[in-house]
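In order of appearance the chains are A, B, C, D, E, F, G, H, I, J, K and L, and numbering begins at 1 in each one.
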Amino acid sequence: MDKVLVIHGPNLDLLGKRQPEIYGKVTLEEINKKLKALAKGKNVVLEFMHSNHEGEIVEAIGKAKDKFQAIVINPAAYTHTSVAIRDAIDAVDLPAVEVHLSNIYAREEFRHTSLIAPVAKGQICGFGVNSYLLGLEAAIGLIEGK
Amino acid sequence: MDKVLVIHGPNLDLLGKRQPEIYGKVTLEEINKKLKALAKGKNVVLEFMHSNHEGEIVEAIGKAKDKFQAIVINPAAYTHTSVAIRDAIDAVDLPAVEVHLSNIYAREEFRHTSLIAPVAKGQICGFGVNSYLLGLEAAIGLIEGK
Amino acid sequence: MDKVLVIHGPNLDLLGKRQPEIYGKVTLEEINKKLKALAKGKNVVLEFMHSNHEGEIVEAIGKAKDKFQAIVINPAAYTHTSVAIRDAIDAVDLPAVEVHLSNIYAREEFRHTSLIAPVAKGQICGFGVNSYLLGLEAAIGLIEGK
Amino acid sequence: MDKVLVIHGPNLDLLGKRQPEIYGKVTLEEINKKLKALAKGKNVVLEFMHSNHEGEIVEAIGKAKDKFQAIVINPAAYTHTSVAIRDAIDAVDLPAVEVHLSNIYAREEFRHTSLIAPVAKGQICGFGVNSYLLGLEAAIGLIEGK
Amino acid sequence: MDKVLVIHGPNLDLLGKRQPEIYGKVTLEEINKKLKALAKGKNVVLEFMHSNHEGEIVEAIGKAKDKFQAIVINPAAYTHTSVAIRDAIDAVDLPAVEVHLSNIYAREEFRHTSLIAPVAKGQICGFGVNSYLLGLEAAIGLIEGK
Amino acid sequence: MDKVLVIHGPNLDLLGKRQPEIYGKVTLEEINKKLKALAKGKNVVLEFMHSNHEGEIVEAIGKAKDKFQAIVINPAAYTHTSVAIRDAIDAVDLPAVEVHLSNIYAREEFRHTSLIAPVAKGQICGFGVNSYLLGLEAAIGLIEGK
Amino acid sequence: MDKVLVIHGPNLDLLGKRQPEIYGKVTLEEINKKLKALAKGKNVVLEFMHSNHEGEIVEAIGKAKDKFQAIVINPAAYTHTSVAIRDAIDAVDLPAVEVHLSNIYAREEFRHTSLIAPVAKGQICGFGVNSYLLGLEAAIGLIEGK
Amino acid sequence: MDKVLVIHGPNLDLLGKRQPEIYGKVTLEEINKKLKALAKGKNVVLEFMHSNHEGEIVEAIGKAKDKFQAIVINPAAYTHTSVAIRDAIDAVDLPAVEVHLSNIYAREEFRHTSLIAPVAKGQICGFGVNSYLLGLEAAIGLIEGK
Amino acid sequence: MDKVLVIHGPNLDLLGKRQPEIYGKVTLEEINKKLKALAKGKNVVLEFMHSNHEGEIVEAIGKAKDKFQAIVINPAAYTHTSVAIRDAIDAVDLPAVEVHLSNIYAREEFRHTSLIAPVAKGQICGFGVNSYLLGLEAAIGLIEGK
Amino acid sequence: MDKVLVIHGPNLDLLGKRQPEIYGKVTLEEINKKLKALAKGKNVVLEFMHSNHEGEIVEAIGKAKDKFQAIVINPAAYTHTSVAIRDAIDAVDLPAVEVHLSNIYAREEFRHTSLIAPVAKGQICGFGVNSYLLGLEAAIGLIEGK
Amino acid sequence: MDKVLVIHGPNLDLLGKRQPEIYGKVTLEEINKKLKALAKGKNVVLEFMHSNHEGEIVEAIGKAKDKFQAIVINPAAYTHTSVAIRDAIDAVDLPAVEVHLSNIYAREEFRHTSLIAPVAKGQICGFGVNSYLLGLEAAIGLIEGK
Amino acid sequence: MDKVLVIHGPNLDLLGKRQPEIYGKVTLEEINKKLKALAKGKNVVLEFMHSNHEGEIVEAIGKAKDKFQAIVINPAAYTHTSVAIRDAIDAVDLPAVEVHLSNIYAREEFRHTSLIAPVAKGQICGFGVNSYLLGLEAAIGLIEGK
């Protein structure tokens, strides 16, 4: 069965606990649960990892090669600052889907540039939890060569 | 039944006829067919329009208010040059989903900036025909308030 | 009797119908009516044209030479993107007055630059409908050599 | 009766005395006279001040609150360099109309940016003396809530 | 016999009628006549199109594939603003020669950048009507593989 | 006893009278009173000056050398535009502490650059009246060589 | 009793051991001691953390909500590169005071921009150890609503 | 006899009193004395003015027309910030020579741009007091049409 | 008989010997031969010069005035770096045609700016050897006042 | 015996395992082996550390002072984003040699700027494994004061 | 007797022969003659060199050390492009005076930046031949330590 | 036996004679001697050339193809300004190693960009004479395919 690695970047553990007026009341656990449900229906296995550490995300990607067929990643703040994560994705040669809860192009100027986007297969942003679900569908599509 | 307007921007009528090595062999008609199939399953009605004219796209959006619940738009070249389309989307007050066949962030520098993105609800790019299908799902999600 | 061409750019047909909280409830028809009333008092004849098409505005300006003594133009979104309208105004050699309902210098950065302004005689912005009325007065002043 | 403060910025005392080929032969006194005539017809009282000193203009604006209903200001050279005048207008909470004799967008690049415009209600430029007269009309319109 | 499509961009219909002191007294009809004469001597057939509409030019290029062996295009104002025309030329896979009557590098800064040039085979500018004639010769050379 | 010069820049005389919702209801007089109280406890004498005139502030600094041991300055709008005040501080060779009521880095982009900061000893911003009090403490610390 | 979290960013453990000619001979331990003494006098409890890891600082901030009333942070090198720390501060909704030992505006150009400043309440820099002490006072002031 | 106005900009009254290691020990009075001696030998009369106020310098230039044949000006800090002084020089139509004691091109980046230089006849910088003396010679040369 | 100077800039002596896959197998000698043949048919005499030295090209242009009626120049690398060659062309007052073998606008960014173009009559690029032949035709057209 | 610390930055553990067509088949272990062999011949002892964590590299440098005479560092992705590593090198006062396997100036624009280079003694890039070996030689040369 | 080297940069040999309406009718020989006359009166010996070759100017400066006490240089076009001449002046450790006939700050933007100025002692521009004479005086003043 | 061309750019003939405090007392001759000694041990023959002329360096590279297997070049000032040398290296298709005595990234901003680096195989800077020696080793490594 195909396996997809889902990576949650820095501060995403605070989801649903802080600023509910902005990010809604959904927690990271609930996002993972929704993703699992979708994956089950698609006959795909998911593994989750969350880290506030750039280096841990780099390592997770570096080791993903043999175990996963695709990556869904919300790099959060590291989207705009991490060449290391970009290089890891570029090196690992797995299709990666970049997702964002919010529409990063409707926020501060520095959030309009993603260092990850040029090495990802594609990007989905602005649809809240749905960004993750659509991202997983996109990843499965990439695995199936659709 | 909910209705979604699907807008194809300039040069998209050439899809499948030119540069198949880049854009694949899928034609615009086939994309529309796939979208219709998906819509049917979701109990949504679609209307399509393609135009090479900025002004026609502006008008289509301006008139969409009373007839549609959401817009899926691939602004193509106008993504990077049309303030008029941006203003139309902003004025019409319907949720709009911006889609792109290719990963615009992996192409020429001037394609990295979208004038449309800040007024769209979200953006999906890089997944070929799948960008449209995921875009329609996102639009339906927005209508349903998910 | 002197004749003035009044040009309304893209999306201005939506005035009064969309976003009344921003642009007020005045429609394009009502603006034209107010302009006509003012023109009548000044013994000037007006002709109106609205278009969402850059090319139609270019053509209207190109043909204005023999029929009009001045132009009042609200280029709307094309203010910031149309070299073609700029060239048309430059070529037609009629005094042109650029008007804007809103204060474009208090909005997004990309609205701070007008491609039209350097070839117009002058610019009036920020006074709502009054921008048009003052613009017509300015145009009449230019015709009368004041 | 409503009162409007008319502020003339640096070097405007030289009007009509220097470079008549550029600025015409109208002096500052004659501009003020024309403005008074217009004001009289509109049942409005004017007060004039001219200064080459940024600080004096800041002070005039700071004290305008209780005495005036609106400001018409030609900030001249300070348009492009004075954050202090901008802050004064912002603080005083009176509608301000920015006017310029020449079309600042058809001159040197550094004159294309106005620090005042974002805090003024609107801007009128390029119509010579008429910029002031239209500016006064605009100010009266703002007072009357038109 | 080889066929070349000659495209005249916005405002070029005003040639010879406006600003003769700048652009000379040659009209678009006379340019076309000179081009025809040259083409006849080279055993090539020409077809002309002029449009002020970006979308019409995009369409003309999109349909040129089966009928023409090369394109000579003076994109005029759209040189600097149209990604859509650029994409059309890129997609149609016909050799395109970009021509300009004036030396665009000796004019305003914004005219120094051509969005069309990177996808055209080459560019000729600054020689008035001769730019078109040399452009046609260049196009014929490209067809003949010279 | 050590003496500190406290300089209030342009528009600060409006404090507490205008925009109380932003700057609070504290007046400049009250700020001075709080500063005096603090100074008394620290056995330091204060002198205050407020001016809307760049030149007056330049002069006050130029003459401060023999009379004061340190300067606390809120350059307000001149923070971003006055090379003259910068040069004065640089020339006078007294430790200067730059203070701001608001957090200038959370406001408009042009307020993010201070011409004064590189020649001041340090900067304190964002704490309202407390910025002044902390600034005075900092100045006393500098005098005492702490 | 109110509690304040004091965060020391990367390389600050080297204080007093390296480059004493620049940073003086005070060690991090001594800074903490001085802070504790001040806190005691103000009836406030402090907790310290130092880390060279961006992720650890992000986590410390993320967990601070329930335990602390304010944060004093010297982000050191991460001031200029960490969107993750910025987002953490923004999310945690505690008043944060940014402090720097040196005057960052008198150093290399890249140190003039702080990613943290726009989400902190205020910034204090340039006063050596005193920056911390003033920062703690500022934090206490913010807690007390002064 | 020809008359030349010598203008000393802000902070120049501190010359010889502050930072003698940089600017030497020559005072403004001594510079004036040297200039007078040179003028006497050249049969020219000098008038001096020093001001820290931008507005006073603007006014001095505005009134110079009828009384002087040339201006020698060291705009000091206003070199880089005053459009008002630039406009005054431009308006007054007297040959102006810009002088600087130090080599402004070997100092901070922001001192490399002079707003005055484009409207002055020429610029002399870097030679200490000699910049003034050479500037006076240059001014006399301009008067004599050399 | 009219005479035209043909100037080949740096590295062009390597043509046909290096990188034939890019520049083809045509040598500089063969280009000159083709040009001579064309010139003969047009009753024009050519003189050729090639140099890798900026100074030699400057001198050749400086001395061209009395001997030639026009210049055809491929400045190669000096296109982007030589103000000296630009000044020479500007000074010599002969019509100059700038040619390039490759399409400089489809290469590295720094090749998109020509210091020569603004002082040349026109520019031809992208047509290989044909750029020279068309350039010679353009030069002859300029001589003949066409 | 002199000791040199060799630091390998993020993703370098993937060497030889991923993208062999780009980086060759040499693994990090083999690089270390070659370095050891070279060191042995030079009578120098090496210690290696690899980390994907910015903070760990910062710490390794911070502790290097007493144990090593020089550092050879390939900061990889952190070259372009880590002020923290730069500050650590600056603080530790050991000669550091920056090495890169690839020629960073022939890659993406953002790789052309190294935050580390200004505080390193020198930089070696583009020679594959040889960059490390030359880097070690350079480090030994610096220790020996050559 | 003191010796000064006078260097004329590229194209200056054309002075008085080309564009007399701009540069006047004075030839380089006449400038040299005037300089000699001035030098004689000051008891200084001059040597002249003119070159269109950057390398020759570099060499002349490199060899100037033992023979001259100062340099007067008009780098002409190389002002804006030659790091080599800048480095030569920096290395040779002789006081250099940069002169320009025209006011380079009133010409094209690219002429506003001098690579030479930061390493010259000072700059004189805009006074035609007089720039050279004043430059020689400045050089003599530098030799004499005035 | 393999042959390497060593090129010394402008002003390097002054080494050891000027500014010994910066560049040390080693002369160009001594550098060459050290290089020869190293080459001898590696069984490689060297040829040296020094020139202050961009054109001569271009020519030396252009002719190097048949005679040399690699190039070691210190382009000195031309590093930052010569597209011609860049094009020569690109055309000649020999591995080139760029070396610099000083760390160009720790000097003026304009020295941080090398036009040569993207076409060289690699770059070595900051190690004084050792940069040359390491550069020769690198070149030999490239020849040997290491």
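As a convention for this text, contacts are C-beta pairs under 8 Å (C-beta built on N, C-alpha and C of every residue); 3 or more make two chains touch, one makes a residue touch a chain.
Model, not experiment: these values are computed from the prediction.
Colleague: Quick check on the contact graph: shortest path length from chain D to chain F, in steps?
Modeller: Graph distance in the chain contact network comes out at 1.
Colleague: Give a one-word verdict, same or different, on whether chain J and chain L use largely identical residue numbers at their interface, taking over half shared as same.
Modeller: same
Colleague: Quote the value, from 0 to 180 degrees and to the nearest 5, of the angle by which the CA atoms of chain B must be rotated to coincide with those of chain C.
Modeller: The two chains, chain B and chain C, differ by a rotation of 120 degrees.
Colleague: Could you work out which pair in F-G, B-C or J-L copies the interface of D-F, where over half of the contact pairs coincide by residue number?
Modeller: The D-F interface is reproduced by B-C.
Colleague: Rounded to a whole Å, what is the gap between the Cα centroids of chain A and chain E?
Modeller: Distance between chain centres: 47 Å.
Colleague: Please tell me the distance, in whole Å, between the geometric centres of chain D and chain I computed from their C-alpha atoms.
Modeller: Computed from C-alpha means, the inter-chain centre distance equals 54 Å.
Colleague: Where in chain I do residues touch two or more of the other chains?
Modeller: Correct list: 53-56, 81.
Colleague: What's the complete list of touching chain pairs for this entry?
Modeller: Applying the touch criterion to every chain pair yields A-B, A-G, A-J, B-C, B-E, C-D, C-E, D-F, D-H, E-I, F-G, F-H, G-J, H-K, I-K, I-L, J-L, K-L.
Colleague: Quick one: in the complex, what on chain G touches chain A?
Modeller: Counting only chain G, the residues touching chain A are 53-56, 58-59, 62, 65, 81-84, 86-88, 91-93, 115.
Colleague: Can you name the residues of chain A that touch chain G in the complex?
Modeller: It comes out as residues 9-11, 13-14, 18-19, 51-56, 76-78, 80-81, 110-111.
Colleague: Over in the complex, which chain H residues touch chain K? Could you list them?
Modeller: Against chain K, chain H makes touches at 103, 105-106, 112-114, 117-127, 129-131, 134, 137-138, 141-142, 146.
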